[in-house]
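What follows is a pair of complexes built around chain A, which joins chain B in one and chain C in the other.
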Partner chain A sequence: MSSKNLRARIAACALVLAGIAYASATSRAATQENAAAGEHAAYKTVRSNGGRYVLHVTEPEGGFVRGKPLAFDVRVLRADDPTQPATVGLLVDADMPEHLHGTNRVPRIERRADGTFRVENLYLHMPGWWEVFLDVVESPWTERAQLRVEVE
Partner chain B sequence: MKRLVTFVLASAVASWAVASCAGRNTANDTANDTARGALSGTASESPPAISTEPAPSPPVDRPSVELVAALDALTIQRILRHGPLGAPAPDPTNRVATSLEAAHLGQRLFYDPRLSLDGFHSCASCHMPTRGFADGLDLPVPVGSSDRHVPSVLNAAHQRWFFWDGRADSLWSQALAVISNPKELGVGRPGLARLVTHDAIYRAEYRAAFGEDPSDAPTDEDRTAVNAAKAIAAYEAQLESGDSAFDQFAGALAANDLDAAATYPSDALRGLLLFVGRANCRSCHAGPNFSDGEFHSIGMAPRGGGKPSHPGRMRGIEILRADPFRGSGPWSDAPTSEHAREVDALVQSSEQWGQVRTPSLRNVARTAPYMSEGQKATLREILEYYSTLEGAVTVAHHGEQVLKPLALSEGDMTDLEAFLRSLDGRDPPDERVWAPPKPR
Partner chain C sequence: MVHTLLVTFALALGPSIQESGGAATSSREPSVGRFGAFLRETSGLAAPASVAIDEEGRAWITESHTGTVRVVASDGVEAARFVLEVVPGLPREPHGIAISPAGEVFVADAVEHAVVVIDGSALRKRTIGKRGAAPGELREPRGIAVVGGKVFVADSGNHRISVFALDGKFERALGRRGFGPGELLAPNDVAVDASGRVFVADLGNQRIVRFEADGSFGKSWGGLGPFAGLFHAPCGIAARDGRVFVADRDNHRIQVFDKDGQPDHEWGVHAVRPREGGGKLHYPSDVALAPKGDIAAVVEGLEGRVQFFGEAGSTASDPPIVDRSASAHYEGGCDVAGDLLAVLEPAGPSVSIFDLAHPTPIEITRFGRSGPSAGKFLVPADVEFDPDGKSVWISDPLLHRISQYSLTRKSDGILRFDPFMAKFVRALQLDELPGVPATPWPTEPTALEFGPDGRMYVADRANGRVLVLTPEMTFERALGSVGTGQGKLLEPTAIVVEPDESARAVDKDGRTITAGARVRVADARGRKIETWSCGWEIDECGSAASDGNRTRNLGSISIPGPSGADRRPFGMAAAGADGLWVSLEDANLVLRLDGEGRITTTLGADGVGGLGKLQWFHPQGLARAPGGSIVAIDAGNHRFQVFDAQGVFRTAWGSRLFLEPILKAK
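Entry: the complex of A and B
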């Protein structure tokens, strides 16, 4: 075996090992995040656009449907320490990008003792594509995460 | 994928079945009230005779057979979201909203011209049973001079907000506002309390509905007037139209009875497919009442031209929040209910300038002319507007960007009009439509 071939094989093995290590770390992080989500089985897990937070969002009863006040839970975790809820604030709003308008109601948001947020009265009045904005506030940062919701 | 299609179909059929169980007429009801009589004289005259002959079954429309067979799961799901109408949401702010005794009192008041300053106009003068409970005029001619087109009160209990700008959040506060407005009926709360207190029939019916005597003493007159308005609301809540040809079609579709579905005329079916498809009318005319219940501007210029002069929803929210007769106010029967507290959560912004409530399309063929100022005389004129948006004005910086000229062909417009006409439902029963006879 030439030294060129040997170097290529070593490089390939290193790549495989690195891949295994990355997958293992990702899996561990996901397990930790899921453990932190606890009984709050997430309908969607989204990462904030700045990458600082991971948000577990439960599904409203009956799904994201039109013309009904929707209620759901949000658990915010730090991406680098997904073992417990982050002590942050949360703002929620929704918008129809194709219509250039938002929702007609202000949702109510309550932080519970266990660190999760209860969101109520999110009202999507029209069928179509909605973006639900979840803004995590931790001064001096605010990071946005969003859910894409198709409402029939 | 197959599972998804099955699930979508099953969900749609299940939701149809649930709505059907909510007290609506069955699919056996005939769609069109062909025997509706013409109004002669005042609304309190004897009702015209209604034929009791069962309508013959319509023939299968051959082109419809092919159209029905070609419907995909998503289209079926979207069609079934529009019917049947089902029962209206309860109004906890009115404790007599479903009381028959209150509805009886409200029915008599609805047809009584003594509610107007001139003694000639009643609620039924503008909400005429023979005109789909509207007035057939572009603008009303009541005691004063209102500059808003009269909407129908048929199925009004299915709305969440009332008036074009949603300045009232209940049927009873809407009725009270009309009675108090000198540009409309104008007799006011003192006049309403006086009428109910000193008329022997009203006095007895009030007692039956509320378990107490009415009073027009200064300390009691508001209470009496509010209760009378709640009785009118109880009556209006009974003004529900029956199944339409569209409802029968959707019912057949839900039951997977394709033969029955194919009796729906093919032009109406093509119009329906445009409505839920390319034309995307369902975007605002959503749900079983063909209205999302919310507020939009379609850029239609006011009657006199120029930009919209009515503030619309922007001002409507202000008026609502200041109204002592709102759902969260002292005269409400459930001021702290979720229903009443919705007002506190309303978003108010300058982009709501000129926005008006999406009208229901049920019975729309019977309630010409159209739009909040009666700008359009016919359904065809409205379709032509949506086709070109000719003369549209920009209202707000963002506005409704979803509105684009639909470029409808003549055939498209004919089909859409046929579909809209298929939303014509049966009138409520006669005993609910006319003024009750005076007791002997």
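Entry: the complex of A and C
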């Protein structure tokens, strides 16, 4: 085997090992996130638009449907430390970008002792494509995560 | 020292002038009918801000960009003109005006942040209030009402109505900053009716707020929108005869209500053709009634005129339905990254992104909504691409924050409008950022600029400074302080940052690098361009690190105007070789200055608003595109113009009626 081929094989092995290590780390992080999510079986896991937070969102009873006050839970984790809920604030809103308007009710948000948030009274009053905004407030920043949902 | 310069004077104030409230208010209060019949107009004014009509029918008009109070008789002939100065060469910026029964004239001045009281000889008699946030102090005073021996001042920058006795003694304040009942956001005018009820044009909240005579909150009405009872920038207000008149600026109309907010009638047809008047309205910013109640004066700041209206009666001259087929308007700052242009549309308020890679640039997305919550805007002032061009930042002075939106272009190559292209990422409340020096007022960000070093420079109009943020968006240092001397700022509107070639350092690999930035700041109210050098130290690792001790003010340059007062710079863009392109909004000019501040290129006709190629009407933001061409917002003409590095016209686009002169010239 030429030294050139040997170097190539060593490089390939290094790449594979690096890939395994990366996958393992990613998996570990995901496991930590899931562990932090605990019993809150996430309907969706979304990363905030700035990449700083990971949010686990449970599905409202009956799903995201039109014309019904929706309630769901949100757990906010730091992307760089997904082992426990972040001590942050949360604001929730919804919008229809194609129609240039939002929702006509103000959601209620309660922070529980375990660090999760209970969101109630989110109301999607029209059929179509909605963006549900989950704004994480941690002074001096407010960073958005969002869910795109379609209701009939 | 306060100077009051009388330029011309040709009138004697009679004793018959009645108390006025933004408008003159007669004690007789005869009934008035529906307004809307056009009578006459006074044009050629320099950014008129407010008007009051005295008992003899003379209109007293403040011209904010020249520090002038002009008096026009009822036959339209100019009777007098005063120029009010803070110091020689620095005119005041008068806004609200009112006249007391004794003939004293009260003028709100935004340079000294006080109400200046002058007599019939235009000599200053006293000053009410001073710059500050404490009770009895003022910031950005706007409309005034003088009623019942009291002076009511729309204390816009402190978000309240301040009430004084005629001798200047502070009595009380109404309202405070906020969005709830009885709270105010940048109130722009105030009026008081015969019963002592106080009506406030609550500009930032898009509503009218009524306080009762005892100072308690009464009620409010309005909201953002085009229909009767809604507003888009309620700027001016007058109360009389049980009715409330509101200059609904961006809806191009005057709305009339009863004292409880029930719509009575409205008048105004949107002037859609350039400079169209004759009764049609374009951004009416104040309204006042004559003491007899038979004439309404309407100020149009953008158009530089005041139009006078009479009762419409029941003839064919009844107010027609408002034509809202308005085209888009763009104002404030703008920025270019590659093929993309970002601009502000104040009517949304929203941000538009244009694709410049077409003979006529095409709008490819628009985003943003009105409101105080995250991702929304109230009065956006500037937009700036981040260094990689993948997101934009927007400043909003009333919300004290800057917001970042990411931009994701479709990769399928199909050209189309994409409402999902922009996504709100995050917002930064500047005063909560660790290290930002405490100031009397929260930071009000206006101009934004990324330097070649990745630092962000944020102009703060409330405190006359520029905040410098690191690429990691932590606070690094502040430049300037509020005032009129060297190194001080009154109203920063634009920033240009370039490498400071004189600041050199050696990096860890032994290479000589630029280790500083030259920061130039346009100060519109201060009428100058201030320059700082910000040096960085090189740390052990060889990366540039901040060193506040190496901030130096390099002086300022001014652009002399024909009247002796310096020009007001608004927008700026780098012109290469230390040069600058500067827009002069009030002079309808765009200039190129060399590194010494000398004018090397003049685009436009001085003081003359025009529609041809490289003619302007209130030019504002400038942005440098790749190759050195400049995109300019021709705000008053509702269009954009592009010229190359030599000042040669390239293209224009925008509202059709305002483009016709250029299209025909082709």
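The definition used in the following text is that the second predicted complex is superposed on the first by the 152 of 152 C-alpha atoms of A that agree within 3 Å, B and C clash if a C-alpha of one lies under 4 Å from a C-alpha of the other, contacts with A are read in each partner's own complex, and residues count from 1 in each chain.
The definition used in the following text is that contacts are C-beta pairs under 8 Å (C-beta built on N, C-alpha and C of every residue); 3 or more make two chains touch, one makes a residue touch a chain.
Owing to the predicted nature of the structure, the values given are computational and were not obtained by experimental measurement.
Enquirer: Touch test for A:Gly128: chain B only (first), chain C only (second), both, or neither?
Expert: A:Gly128: touches chain B, not chain C.
Enquirer: Mind working out whether A:Gly67 is in touch with chain B, chain C, both or neither, as first, second, both or neither?
Expert: In the superposition, A:Gly67 contacts chain B only.
Enquirer: Quick one: classify A:Glu143 as touching chain B (first), chain C (second), both or neither.
Expert: After superposing on A, A:Glu143 lies in contact with chain C but is clear of chain B.
Enquirer: Let me test your reading of the model: by the given contact rule, A:Glu152 touches which partner, first (chain B), second (chain C), both or neither?
Expert: In the superposed model, A:Glu152 contacts chain B only, not chain C.
Enquirer: With both complexes overlaid on chain A, does A:Arg47 touch chain B (first), chain C (second), both or neither?
Expert: neither
Enquirer: In the superposed arrangement, which partner chain does A:Arg105 touch: chain B (first), chain C (second), both, or neither?
Expert: A:Arg105 sits against chain B, while chain C stays out of touch.
Enquirer: Please write out, lowest number first, the residues of chain A touched by both chain B and chain C across the two complexes.
Expert: 98, 100, 102
Enquirer: Provide the residue numbers of chain B that touch chain A in the complex, in ascending order.
Expert: 77-78, 81, 282-284, 286-287, 292-295, 338, 342, 345-347, 351, 398-402
Enquirer: With touch defined as at the start, can you tell me which chain A residues reach chain B in the complex?
Expert: 66-67, 69, 96, 98-108, 121, 125-128, 152
Enquirer: Okay, in this complex, where on chain C does chain A touch?
Expert: 367, 369, 373-375, 404, 406, 419-420, 423-434
Enquirer: Can you tell me which positions in chain A touch chain C when the two form their complex?
Expert: Interface residues on the chain A side: 48-50, 91, 93, 95, 97-98, 100, 102, 133, 135, 137, 139-144, 146.
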